[in-house]
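Labels run A, B and C following the written order; every chain starts at residue 1.
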């Protein structure tokens, strides 16, 4: 498992908010992709309702996962490939490390893969002397910079061209240039050598299809096609949920994936891979391995509240509309997955208690649900997670919340179900607020803790001298008299 | 002879406590339309704050109180998108395992409407004879927009107000950063969101910003007041009641 | 053995997590149908019954979809025109990585019928034709042959392939891997030229997948061990969202469409 830093959400989000470059980049990204994706859904020949169809396809696949995975594995094996089922990230990593040892792998080229970020593959391979090169341009940039991705599809969104220019001048020894085509060309040249020399290609899996027994990868750059064609060994990693039953269903999900991820009708390179090269073929890997990773996913499967999350195909459309992600950036989420998908899936995979700020630090605005290519109800699951945090849950190892917060809500519940008491408190509040410092038009400048967060940047409204309930009573009396 | 229509008003806690004028404006608008307004006493809260914070048992207690109070009402109207979204979508799920409450919750959900939704979709009323001389922009509250799919209704109502110049702000549909307890617990994120919202409102050139959910409006107004900006922040009912003859005056 | 135990454990915990319903009641025919659905049959019918007018329309849609992707479409009248187009590109373009101009092409009837070798030889430009690896070769000899082919492909600035199909809606060429038709010819050279006949143009992915699933001519191989869908030249927007063509794969792509 890669490092988890979910408990640092608040301080990391502060850092993201304070970074004007990040803010500009994210707002540009959200304006282009956020609106574009909604428009792309509307333009679908089947209409935006295709997302509901896709949701049903995914739900059916999830409900039959065992059958689908067995079929996939049988097909791939019949095609000469190997399939390994890894219950944990450690098992998945050590299987790949074993192949690397057996084959004497010195250099591995990698296509962008979220699940390998999740299970921390690179560091383990590096520790046994394998040079692992990320080949997606964005991933390559952040690998050179020694950072982690901040967006699922656009991992280097937080880097400016000037930063890339510095980085490439230092690390690739090219003359300083801030011109994106020339920077891209420099990476192209450097990575081409790596592709041609690599002993192993590593990829993720966007979606597998059980009927035909293939996995598939999607990229615009062609790096994944390079990594799965040129090296003698291809190891593909997939989360156990990334599968549909049939090719016609695969087609629907693929189209939505490309629209959700990057407002495209189709990615430039879509590869459907069912095994190693055949006898007589001059390229393609001689060994093909598929590693199916559980790593906590079967716990989501077992919980009806969260099973829906397994419909997710990590298109990242939710990141491109989330107002919170748009301000704090991906690093704040403290794990491989950021944005709304991260806020739900990261606590479930890495610990609900320690990820509590991810579940609570969202506004429940619902934009993610509308943007989701699979029509997943992310806000519903955020609410479920909050309920778990409040009431505790043995399955997820969460103790009920104690102390002040719980008591505040208990008292609140008592008040709102006793209108007489509630009204008296309102009156008392209207009087007591006179003690607080005021700003313009009687608005309150500073509230005491635990409400002081509000007045950090805003004034707080004063309670009306007479609430509606008393105004109504007065009004009725007047009407009665008149 | 026509049957006199009537609605039961649900005044959410924030409106009651912080902006009673908005609820009074709702009453004015309905009376002007010749619709009788009932207001059962003892109203408090629909349970949304506790529900959003994860305190479901506490939310259920509030919801039970709400359901008891409104059990026999034919049509319930509230000047709040998020409270109606709570009643319509979430309260029934709170009682998944309590069939009698669940039934009552479902029945109530089907009878509860947001104010602008009720005016436009149910009554078919768009021109309310209101006047309001100002350049106005509209903020889409998240739960009103995405929870109830109310987007065009308030705009149609505003466009018919005499003297009102309607301008769209950039990203009207983007969250203002209120989010209930979120605004207090994650003040940095919430402040960043409302700062952008305020900037977009200013860029629109509007003199007043209007919305349908008091949480958002108080958040936006709080940021405006802190910056001592002179923009007005109003619940849409306050605009729609603008220039109306006083209640009890000549009807349409 | 250990791996098999792990697999059983993995699938067992999956089944436990899934809970009921029991296996027997699950809709196998829906998961993996044995007969084409009505929709599949409609798609197959649309492909087989396509009129000349509809083909014209597909070509128009293909052009419209290709333009924003920088996929350059040339509808040529005959083989001679196709040859002339290739030779023009050879003359106009220069090798990205320096060195002499060299080309690589699949050994495929359609490409061979262009007779490129002779005019290129006159200009002193090598044209490498790929070949299947002889299954009778010893492993070391096969490895050497593969390395030789790869070196030639990597050294070529233009790679010429055919395609199994072409999809109008998304401007996609469809390549199924086969001996003698290496995938890297459409990948390592800076310029990829693909040749198709007009009759190979399908409307969209739906039609392609219906053929792969149900048409006896394609069904056996299914998606084969590798099916590539390529829609234009390689591109990236990873540096400040600026679109750049030629990230890793070809930076230019041409699709030559021949009459049937």
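In the analysis below, contacts are C-beta pairs under 8 Å (C-beta built on N, C-alpha and C of every residue); 3 or more make two chains touch, one makes a residue touch a chain.
What you see is a predicted model, and the numbers here were worked out from it, not measured in a lab.
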Chain whose average C-alpha position is farthest from chain B's own: C
Distance-to-centre winner among chains (Cα means, whole assembly as reference): A
Between chain B and chain A, distance of the C-alpha-averaged centres to the nearest whole Å: 32
Approximate Å spacing (C-alpha centroids) for the pair chain B, chain C: 56
Chain C - residues contacting chain A, complex: 3, 6-7, 9-11, 13-19, 23, 26, 28, 30-33, 37, 39-40, 65, 69, 97, 130-135, 145-146, 149-150, 153-154, 169-170, 172, 177-180, 182-184, 187, 205-206, 209-210, 212-213, 222-242, 244, 246-250
In the complex, chain B residues that touch chain A: 11, 13, 15-21, 23-24, 27, 39, 41-45, 47, 49-59, 61-62, 64-65, 142-143, 146-147, 173-175, 177-196, 218-219, 221-223, 225-226, 228, 248
Interface residues, chain A side, partner chain C - complex: 25, 28-29, 32, 60, 63-71, 79-80, 84-87, 91, 135-138, 141, 154-157, 159-161, 164, 180-181, 183-185, 187-189, 191-192, 195-196, 210-214, 220-223, 225-226, 229-230, 240, 245-248, 250-251, 254-255, 265-284, 288, 292, 294, 298-299, 301-302
Residue numbers on chain A that touch chain B, as the complex places them: 10, 13-14, 17, 323-324, 327-328, 357, 360-367, 369-370, 383, 385-391, 406, 409-410, 412-417, 419, 422, 426, 429, 439-441, 443, 445, 450-451, 453-454, 456-464, 466-469, 471-473, 475, 479, 482
